[in-house]
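In the two complexes below, chain A is the common chain; its partner is chain B in one and chain C in the other.
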Partner chain A sequence: MQANDIVLEIPYGTRDFLPHEAAEKRQLETTLADLFASWGYDEIVTPTIEYLDTLTMGNGHVLEPHMFKFFDKNNRTLALRHEMTTPIARVAASRLKDETLPLKLSYISSVYRYEQTQTGRQCEFYQAGVEFMGSGTAAADAEVIALAAEGLRRTGLQNFQICLGQVDFINGIMQQFQLDDAMQTKIKAAMEQRNLVGLEALLEQTTLAKSARELLRRLPLLHGGEAVLAQAYDIAVTEQSRRALDNLAAIYHLLEEYGVAGQVQFDLGVIRDFNYYTGMVFEVYTPGLGFPLCGGGRYDHMLSDFGSACPATGFALGIERIMLSLERQGLRMPQIRKDIYLAYAPGKLAAALHKAQEYRQQGQVVELAPAAQSEREAADYQTGKAYQKLVYIS
Partner chain B sequence: MVITTMDYLTIALPKGKLFSLSADLFAKIGYTAEGLSEKSRKLVISNEEKKIKFIITKTADVPTYVEYGAADIGVIGKDVLMESGQDVYELLDLGFGRCHLMMAVPRQQKRADLASYAHTRVATKFPHIAERFFNSKGMQMEYIKLNGSIELGPIVGLSESIVDIVETGATLRENNLEEIVPIMDATARLIANRVSFRLKFDRIHQMVEDLRYILESEVKK
Partner chain C sequence: MQANDIVLEIPYGTRDFLPHEAAEKRQLETTLADLFASWGYDEIVTPTIEYLDTLTMGNGHVLEPHMFKFFDKNNRTLALRHEMTTPIARVAASRLKDETLPLKLSYISSVYRYEQTQTGRQCEFYQAGVEFMGSGTAAADAEVIALAAEGLRRTGLQNFQICLGQVDFINGIMQQFQLDDAMQTKIKAAMEQRNLVGLEALLEQTTLAKSARELLRRLPLLHGGEAVLAQAYDIAVTEQSRRALDNLAAIYHLLEEYGVAGQVQFDLGVIRDFNYYTGMVFEVYTPGLGFPLCGGGRYDHMLSDFGSACPATGFALGIERIMLSLERQGLRMPQIRKDIYLAYAPGKLAAALHKAQEYRQQGQVVELAPAAQSEREAADYQTGKAYQKLVYIS
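On to the complex of A and B.
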């Protein structure tokens, strides 16, 4: 391979956004940033690199093998942020500790995970999201879900489904059967992966009664509309499980008020793979994309890991996945505006640039010719660059 | 670009020994399509009335089609599924296509115990499963990925051992190989894409229940 070929390559898991892609991305991000701001969420920017110890706080160690790591001059291990919730929790528990609660923060950032690239996700990918800290209510959970749905709608996506679950429902059920921790972890992992075959094999190893095994086997299949909640109440014996269902019912009724309940389905199996969720969890799906567009939930312990206990809830939307879904569903965003190509005859540069300024102040997109051109050259250029209109100063 | 639509349920079936077994099983619950055959030149076979599409792919590709959502549902051996490491939902053990993954060595060169094979060469079509297995025993091995005729490895001095699938054990015997440790048993599984599982839950759930009913009644017979 020639030296030049290597220079022109980009590292695994990265991508360039060419102008039309970058324009779409910018527009999408602007739409979301405006929306988050209008709901009272303030934008926050944190460093791309953090200490590994910070990022692996709480349950971050699960993703530790997938982090990009390196050393600073003092040989402390640094890592590229793998998500935004942990860095924001760090800020909330330190520099924003004395702010009036609740804290409502939003971000649009790149995050990094060293893993096999997937549809709409490279190792470097972009997320837009919010964190609502300092409230443990169903109202806070409903607000973030409604905001995620509104965000997707604003980008133009109509056809999506929100799957809503509750971590404590499963935890309560586990308690009811008094399974030991190791078995609980294995069962939850099988449920999360929807490995129903593995789940059945695990249940065979327990001393549970046949009815209990059957109940656990069917848990990952508790999926559907409001009727599923009623079914779940029949199963839930412990206080913990029933409270989880009450919480879901309360969130659902608020989502009815927000007008998004029609897109909500309950999924009472284990939905999200992060261990740090403590209450409501949700994911959003759209047809034609085999991966979730958005994920979120309540994580009440994360801030206490940083020494400042505080309940919190939030979500992250995958920017590239939204772009890909829009494209696949034929909902491309408007192209970059190209209004006027402004060319000039020799000696007319001054007049041309004044004219260009005038048009720009009127809000037109104007490209000024790089040098004096003949009218014919200018016309070719206008067509080649797809400008609506040619203005020629002679 | 062709993507799975909400109206259709797309099922990926693997070529080879699992094909007819899977197609027969699906037919029993009414999932079939005219001209569904392994030898079909058409790669996508639809049943417009029942809104089903079958796609016929190379075995090792089934989990990929399903993970990316190009197929909603697939049938695949647990061995291939584990080797692929793809993130799909595993809904049902179909019971057929049973096979056994094990480690074998030339009979004359058998060593005292498994640990004494550490740092030797192992030829296999399943390097990921093999590596996971040996890692769990605290052993490091040199993995040589082959795509077929794995038994040849030790015979021509390419490797000290093999990790491979056996059905009857006849090939092992003919090549003077002997199983020294079992690794896993595998059967065919029904797998689903994680998004399709949600968006087409009712259809998929009904299908799983119907298949389960058929499988259980066959066991009883």
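On to the complex of A and C.
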């Protein structure tokens, strides 16, 4: 490897977006920003760098090994934000804490996680999302789910499924069996990873009755249409689990009104990898992509961690994952417009640049030649750069 | 300070953009992205994190103490990008190296410098810019200057001045006096900082004749209209300095054609703080702001450092600085649209959400109430959030 090959490398898990990719990214982000604004969500922008103490407020410590960390000049630990919900909760609990509730906020941001990369998940990636703070209603949950679905529809995706769960249903079941916290965490992690073999091994370690084990074994398999809710009611003994199911039924009913219920499946094994969730959780999948395009849910305790108690719900869409899904479904966003390549004979630059300005004022995309060219050279360049039309000033 | 005050802090030199600021930022960025695209510039997006070796290729080592640095898992040094020209040169010299020249590229990105903050300059800040690669013509330089001016005009700024210099003019003068490299660097730094006292002290250390010192003393003062060029020709003895002035005259003539010459002043003391510049350099100022809104110039050697020789020119606009200038000139960008607040009586949520969807389809910005409200509560909320209109479903 030569010296200049080394400096041409980029770090593990990062990527360049070349012109067509960057154009698609901008189009997606603009579409989503406009949509979020039209539902009354205000965009905010937070620093890429935060104090590690801030980012680990909720349960961020679980993800701390995956954060990019460094020190400021006073030796306080900084980190690149690993998600956007925590920074937005920080802003809501500080500079926006006197605003009338609810707060409806949105963001389109880069986030960072140092981990093994996989298709659709890099160490630096982009998310677009909303946070609906100050309401604990099923209406708020249904609104964010409907908005996520509308966002995906606006990107052009034709085929996706919303998997809806409720962490309190599982928490209630765990409570019912009086499992200790460590075991609850392990079992939930196995369920989250759909690791049925691991789950089985964990259940073997417990002193649970056979019927209880059987029930926990069935939990991750509880997915499908409305019938799943009825099955779940049969299992749910505690008040907590039953309330969770009532909440899901209420959200589902509202999603029928929004016209997105057809894309919803109940999946009571959905837990999500952030343990700040306290109620409804959801993930969106498309065929042929083994990871969610979107994840979200209710997190009613995070703002109180920041000193300003307030229920909240929201979601994040993965920009690169949407791009990948569109590509796999053969649906590309509209591409870069290239209208006119404007070239000129020697001595005609001034005339050419006036003409270029004139066309641009008419709304055309115009590239001006860098120097005088022959008509032949100009035609080659026009073709090479895929301009619709050549205008030659001679 | 309480525990939750600490986690509510953000790192030195970073900021949150609250809704109105974030909306203005998005509007500015969208305006500039659309403008750059309409002149045939393709946006690209590069990683926020690069290898330090890449970022210090040009003369980045000068700025190394100001970079945010950390290590990857293989102990290679990473850094947050401190400017965008170097990363774009990297992409041009690698993944885009087989494209037909010229390459016209643009970006809208965050950049990072760990330094004393000042109004208008944070440790994390945003830049929008272009790079025109593959042409060494005055036409290319004039195009980027005209595009920068048009960008500022589109943001709504009414009053700004373009200060145009040429580093080869000063380099030629230094050559003429056979100053050693170290002294040249110190003198140029003093000129860049407009530190006339420091410049004087440096000149005292040299063995230059009195007339030569007098000439170097006059250099930073060479600014004004076209008359400055004539004065500069009197000083310029070397071929290098004269060619630099011919180049400036050619660029100025083209800027007359673009209709922006009225905003141009020659300023032969403009050097810029990146020493990768090799020709024309420019900065844009507005009254009452002591730092440039925009900086740019020609850098013909950087791509050859990356193994792909090619002349280039470009600029970067400072997004926050534009926001500050607009504010100081009393010119705000159009603000957040808030059309309809849609509230409902108990039991009317389904009807209300259908109505909200209907208005949104008509292009209205609609916020739906989080729960049933009385008409009175709804009116208070509408006023508090500055919605134009209240629609109440009873």
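The rule we apply is simple: the second predicted complex is superposed on the first by the 390 of 394 C-alpha atoms of A that agree within 3 Å, B and C clash if a C-alpha of one lies under 4 Å from a C-alpha of the other, contacts with A are read in each partner's own complex, and residues count from 1 in each chain.
In the analysis below, a residue touches a chain if its C-beta (ideal position, glycine included) is under 8 Å from a C-beta of that chain, and two chains touch if they have at least 3 such contacts.
Please read these numbers as outputs of a predicted model, since none were measured by experiment.
In the superposed three-chain model, the partner touching more residues of chain A is C, compared with the other of chain B and chain C. Of the two partner chains, chain B is the only one that A:L221 touches; chain C does not reach it.
Shared-chain residue A:G198: touches chain B; no touch with chain C. Touch criterion not met for A:G262: it reaches neither chain B nor chain C. When the two structures are aligned on the shared chain, A:P65 is found in touch with neither chain B nor chain C. On chain A, the surface touched by chain B in one complex and the surface touched by chain C in the other have no residue in common. Touching chain A in their complex are the following residues of chain C: 2, 4-12, 14-19, 21-23, 25-26, 30, 33, 37-40, 42-51, 53-54, 57, 68-70, 72-73, 76, 78, 80, 90-91, 93-96, 100, 102, 104-105, 110, 112, 114, 123-124, 132, 134-135, 137, 139-140, 143, 254, 257-258, 305-307, 336-338, 341, 349-350, 353-354, 357, 360, 363-368, 370-371, 381, 384-385. Contact residues on chain A toward chain B in their complex (touch as defined above): 119, 161, 163, 193-198, 200, 221, 223-224, 265, 267, 285-292, 328. Chain B makes touch with chain A in their complex at residues 1, 3-6, 67-70, 78, 87, 89-93, 189, 192-199, 201-202, 205.
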